[in-house]
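Read the structure below first, then the notes.
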Amino acid sequence: MNPVTDIYRRLHAATRREPLLPVLLVLLLALSVTYHGFASVTNFRNIAVQASPLIIAAVGMTYVIMTAGIDLSVGSMLFLAAAIESSHPVVGLPTAAVFAVICATGVGMGLVNGLAVALTRVPALIVTLATMQVFRGAGGHITGQQNINLPANLRGIGTGSLLGAPTPILLAAAVALSGGFVFSRSTFGRYIQAVGSSADAAVNAGLPTRRVIAGAYALAGLLAAVASLTETARLGTVQPSIGQGYELTVITAVVLGGTSLFGGRGSIGGAVLGALILTTVQTGLVFSGTSPYVFDIVRGGVLLAAVLAAGARWRNLAQAAGLVSRLVTRGTDGPTA
Amino acid sequence: MPDGELTVASQAPAIAVANVSKSFGGITAVDSVSFVVSSGEVVALAGENGAGKSTIKNIISGTLRPDSGQVSFGGAPAAEGVGGAKHSGVATVHQETSLFPDLTVAENILIDRLRAPGRATVQPGRLRRAAAPVLRRVGAGFGPEMVVRDLSAGQRQLVEIAKALAADPRAIVFDEPTASLNLAERELIMRIVEQLRADGVAVLYISHYLEEIARLSQRVVVMRDGHVVADRPTSELDRGTLESLMVGRELAQGYPTLPRPGNTRRLSVRDLGDGGRVSGVSFDIAEGEIFGLAGLMGSGRTEVARAIFGLAGNIGHIEVNGGRLRRGSVRACIAAGMAFVTEDRRHEGLFLDRPIRESLSIVALDSVRRYRRTGWLDNGCERRMTEDLASKVHLVARGGLGADGGSLSGGNQQKIVLGKWLVSPPRVIILDEPTRGIDVGAKAEIHRLLVGLAQAGSSILLISSEMEEVLGLSHRIGVMHDGRLAGVLDRSQATQETVIRLATGGSQ
Amino acid sequence: MEGSATEPSTASGAGIARPARLAWLRDPARRPGWFADLAMLPALILLILVLSVLTDGLLTSSNLINVLSQSAVVGIAAIGATFVILTGGIDLSTGSVIGASGVAGAWIITSTGNLAAGIAAGLVTGTVIGLVTGVIVATLNVVPFAVTLAALYVVSGCTTLLSHGRTIAPMPAGFISFSIDGPGGVPYAVWLAGVLYVIAQTVLTRTAWGRRVVHVGANVDVARISGVDVVRTRTSAYLVAGLFSAIAGMTLTSGLAGAGASMGSPLLLNIVGAVVLGGTSLSGGRGSLLRTGIGVLFLGFLSNGMSLLGLQDYDQQMVTGSFIFLAASADGLLRWRR
Amino acid sequence: MTEHHRKKPKGVIVRTSGVAWCVTMVAAASLGLVACSSSANSGSAGGGSTAGKKYTIGVSFDLLNAIRQAEKSSIQSAAQAAGYSVVFDVADQDAQKQASQIQDLIQTQKVNAVIVIAQDGQQIAASASLAKAHKVPFLAIDRSIADQQDVTFQITGDPVADGKAVASQFLAAKTRPLKVLELVGGLTDQNAIGRRDGFNAALAGQPGVTIVSQVPTDWNPTEALNGTSNALQKDPAINAIYIPSDFLLPSVQSALTAAGRLAPIGNPKHVFMVTIDGDQNGCKAMQAKTLDADIATPVADFGKQAIAAITSARGGKAVTPKAVEAKGLILDQANYAATSGQVWGCASS
């Protein structure tokens, strides 16, 4: 087996597992060709740094969506963690202590979601819709809606660099790798997919479904806090508008990555690639200098394309085309047909 | 009858149920049930649907807590929850497969032992190596790396049994393991049960098939309406008494006499296929004729039925009453007067959490309109239509037609799935395993209904894995083998042997 | 678990076995369907009582009219959202459609000065967006959450692009009066919302289409096999949602005497929250417009009461969030406890 | 036959409403608690309508951030001085919510005057005419209202003028040619549109000053940070940035430090920056000489002149001039020592 075919085989296996890999490469290539400033190490480093918080939050969200749940409160958790980080007693602590406190807060917030979803039969969408407003309100209470600047040591996480690479990238890479490892190689990861795949079978098999679900949301809370650490460190200040609408961006990245919203099927690698693609598109738009209004349209279009590609099986598409034409010819005869 | 005297082990019985009771929302499901299963013994648990067999199974397996009474394994009282049963070596094979569609076969089988003791992580390779021998033991023809979503119903049942055997338990509870299996696979399961008994494992075998009970069990526990009505050695019970014990009244023996079929061709199918394994199937059904479709599990019978009704691939040419049918659309089939009774009544038959009235009136909803063109519904007319349908199929609904579909027993649910098509007499009725998993009494009623419909002129396509039922009810029997129609036998030539020969690929 | 209704021992005799002891409240068969829909009414009444004690001036007629007119827009859009949720889907794009239809209508009104043409344009815009979303969800069998999320971005982006982010104003006096004055001091918009609720509830319970919407949500396979045109029912549900969002958009434009691209986006949370608060189940197949109406009023009185209490902005968010969870868990707690 | 596990509950009506009843009781109790605690610290009379007692002013802001807090305290201090009490609402950038809140203030809480920062200049017209109908003075600060007829008094910044003022700073800049990165606030926010259009109009056709890229931020600090670093990456020759509001300044500063371009004036790598509003960050940046100019919003005037207008309106006198356009106070390196005292950001820092 000469090395070339070996590399080709492994690449082929990788693309079969992660269909998004070629899409990202083609996108980067196209942008590098069209815009001269794009194809430079600093730019790729920039994209990676900007994508890091999204990657970290997307890994947590993938675990939640894998259990056939959803977490709308990730944006508000980001803000509350930042608020607590900038609040009086915590901001004075040494960096390691702050890091520990914020991670503990994250797990606490995640557990609030997890226990509510696991113990009561309230659908995850509603639990997190409620906690989204509760966390946002709590954060506002703590910061009193002021802009609070962070001391230098806390900003180090965002702007410092370790072993030559910016810390956010290292953090994101660590979270992605450990997330993937835990998912495929730990019983918790297997149980997550099992619970999402069929809740009844999980009860029958005696799996600790409630603990698994609570664990998934706790993990999502922890990663939201870690994402908040990197995000606020880069921003330098804590402001009331942090994390607003962030949950929709994170969900877009996870759905782009091929994770099914019905639960059971998905991949951590997909979420990471989804986040990178979204950030690359955002950067590409700045480079292309198109009018600012177009940003939302492009983001919606990318999500729609990903969903159509993943959701519709091609046979189904042909059948759908036939149906649509028949639907149109017969004319929609209104609701009282 | 199993030979050799009973070697009942001396020490405490493997499974002991001591006057267990359980009720749901005021209605008692089981009331002070007691019996024991010692190791090295197969105890059959028989009873009509709704007699409480599944409740007992769930209590033993730990998914349900009894209101009163006690379950103990090998003398020690059962711990709380599903884990309790597992720790004391009791495995359960559920009838509704409890598998994870998105996980691999190996992960499903070893779901509660994913990590080897002392190892920190899960090794997929080790899982596959551990699962392969168990799969071979149940004779599964597929590998441990397959994803369960891609397996057929029969294959999933084999994985379910392999999962129970993997824990090499001291006692196993089988809940109708052979319901969706064909003859060859059923034979394999029975041999496994006999092997388990020889190895000293205690087996509680829940089944509707009286011949299986007769062959496998030493003792039979018969339940009716939540009580144990008999707990006697199998040798003392012949088929007739067993049936009457279960139903509590005399059962009309045999099948109703068949009317003479008409000669005008009602349904003609030409080289039908679903784009997959099934192809080239052609047959005709005359007016008032019952055409049975037999064959091994996975031979494509369900696919044929679904292809005709537009639910699966649309290759081939179908004519109803001479009119060509536009393929691939359920609504066109219904417009042409066809009806389809689905195999999986709980998920495709009726609404479990909507009133029964809505499940009954859904097909003919347009005929219940008050004013011709508008969509307005006339409640009074709908109530009259549904009550007349319910009486036509002898539906017994304790809470009236407003109660939810889920509150009914299996037999009554099946009557609804059939009843909703009978507003106007259908020209063609396709039935896919109409009497699977329902009790003897309800089964007889459905047989009478089918024959009545045939008399009224509808032509019926009956698919059933129960050889006795297909032979008893059909004018002609088509036998499927590996996706092809192996042959069509007339009622006179059709016997169990000839059908089996065709079903297993032999010549006519 | 055995079916709770064990078959009576003697299965003799056809026909419906009359339930033995008939407590009118306990027997679901005899109780009219809409009674169960009032599950959240005691909660609403209690909330109003508590708020009227804590603040004064809540129960004055002018404040009651204010609450109704303030809840009219969310109420009308919630009708469409209810139909979509009943089919088992969800429509995140309702906020953007409110903005889009408002801007389209306002643009036609200001450029041509013809009120009727403007309103028609707004309604057509919303309905077309609903149809496109519905076709994608129904025919390509794609997850509604993701499709409507994409629609949210695309629609708001296009509206902002076409209107260059500017608010289109002023509106003709006749159009503004639609949401201010009306018979008995109650604005026409509130009467419109009330009439729409009555029509929608009747259509849902008394027409074949309404029955089919619920059946597609309860169990799509049973519906498909029983001859329900699942694709058309789902598509028409999103079309109706688009229409109601458009009506809400025009009402909001008249209320604010101008239309802005992002005027609708903050309303999405209230619309979905109100539908769920009322008790319509997110998995589809269970719910009604009566429940949604109660949910809308609940949120309306809650936010009105809190602003009268002078609660800080972030405290209001916390209270609203906990109320949505508590009301939803009232139903959930029941199932969990059993 | 195993039963479907998640069986629909035997939802007997008595039990459902029973649970709903007790759950709402708990929630109502918590609401009462929050209400008491919050009314204690918001200073306004505890929810009771203010008939007969102190003259009450109802205030409705579009959102709550640093500059709004400053405006809130300026109103509160001026009102305290004049003996008025203040009831305070925030509309979370939702025009309809703002209209509802103003309706509640006027009709239910029966406030004697209303001060508003409008989420949208045109869409606030309905509330203004409501106030006029109830003969309640309707004042607007910071953001102008399009249709003046129902407004008693208005003291606003002038976004277009602020944009022009920033442009004049760019024209006065010594380094040539200026390649400008223009950050845009909310795409649908009339204030941001005014500041952008004023700036673009003033720079149109000017030699030596070109806007190389426009980056939308939707008033979101993260998008400002990422947008700036991407723009710097795309066009390293950028040597001037227009920041429509100070609260985005920290993000731009982080992006510049990451690109190694944050340097005080005089250092060749210095990027010419001008911003608006004059908050604490702006003032600090002026001291550190990394910021070239800041068009400070006269927050203190807003509070004082609004309360003064109310007092005169209360006395029956017509308020003249009806609309005051308080141009931004230009604070640049030259007049820093003299004017920094009047800038609200520097006063409190």
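First chain written, first letter: the chains are A, B, C and D, and each begins at residue 1.
Assume contacts are C-beta pairs under 8 Å (C-beta built on N, C-alpha and C of every residue); 3 or more make two chains touch, one makes a residue touch a chain.
Because the structure is a prediction, the values reported are computed rather than measured.
Engineer: To reach chain D from chain C by way of touching chains, what is the minimum number of steps?
Structural biologist: Contact-graph shortest path, chain C to chain D, evaluates to 1.
Engineer: Which of the two pairs, A-C or A-B, is linked by more C-beta contacts?
Structural biologist: More C-beta contacts join the chains of A-C.
Engineer: If I average the CA coordinates per chain, which chain comes out farthest from chain A?
Structural biologist: Measuring from the centre of chain A, the most distant chain centre belongs to B.
Engineer: Averaged over CA atoms, how far is the centre of chain A from the centre of chain C? Could you give it in whole Å?
Structural biologist: 29
Engineer: Could you please state the distance in Å, as a whole number, between where the Cα atoms of chain A are centred and where those of chain B are centred?
Structural biologist: 43
Engineer: List the centre-to-centre spacing of chain B and chain C in whole Å, with centres computed as mean CA coordinates.
Structural biologist: Taking the average C-alpha coordinate of chain B and of chain C, the gap between them is 42 Å.
Engineer: Where the centres are mean C-alpha positions, what is the separation of chain A from chain D, in Å?
Structural biologist: 31
Engineer: Hey, what residues on chain C touch two or more of the other chains?
Structural biologist: Within chain C, residues 1-4, 28, 31, 160, 164-165, 207-209, 286, 312-313, 315, 318-319, 322, 329, 331, 333, 335, 338 contact more than one other chain.
Engineer: Where in chain A do residues touch two or more other chains at once?
Structural biologist: As it turns out, chain A has residues touching two or more other chains at 121, 140, 145, 200, 203, 291, 293, 295, 335-337.
Engineer: Scan chain D for residues touching two or more other chains and write them down.
Structural biologist: 1-3, 5-8, 10, 64, 187
Engineer: For the complex, which residues does chain A have touching chain C?
Structural biologist: Listed in rising order, the residues are 70, 116, 119-123, 125-127, 129-134, 136-141, 145, 248, 251-252, 255, 260-262, 291, 293-301, 303-304, 307-308, 311-312, 316-317, 320, 323-324, 327, 332, 334-337.
Engineer: Considering only the defined contacts, which chain C positions touch chain D in the complex?
Structural biologist: Chain C reaches chain D through residues 1-4, 25-26, 28, 31, 35-36, 38-43, 46-47, 50-51, 54-58, 60, 62-63, 66, 69-70, 73, 160, 164-167, 169-170, 176, 179-180, 252, 255-258, 260-263, 266-267, 286, 303-313, 315, 318-319, 322-323, 326-327, 329-331, 333-335, 338.
Engineer: Report the residues of chain C in contact with chain B in the complex, numbered from low to high.
Structural biologist: 1-11, 14-19, 27-31, 206-209, 211-212, 214-215, 218-219, 221-229, 285-286, 338
Engineer: Which residues of chain A touch chain D in the complex?
Structural biologist: Against chain D, chain A makes touches at 35, 37-38, 40, 42-43, 46, 49-50, 121, 140, 144-147, 149, 155, 158-159, 200, 203, 231, 234-237, 239-242, 244, 279, 282-283, 286-287, 289, 291-293, 295.
Engineer: Which residues of chain B touch chain C once you look at their complex with the stated criterion?
Structural biologist: These residues of chain B touch chain C: 24-30, 48-50, 52, 54-55, 58, 64, 224-226, 248-249, 309, 311, 330-331, 334, 340, 342, 347-355, 358-359, 362-363, 365-366, 368-369, 374-377, 379, 387, 390-391, 394-404, 406-412, 420, 441.
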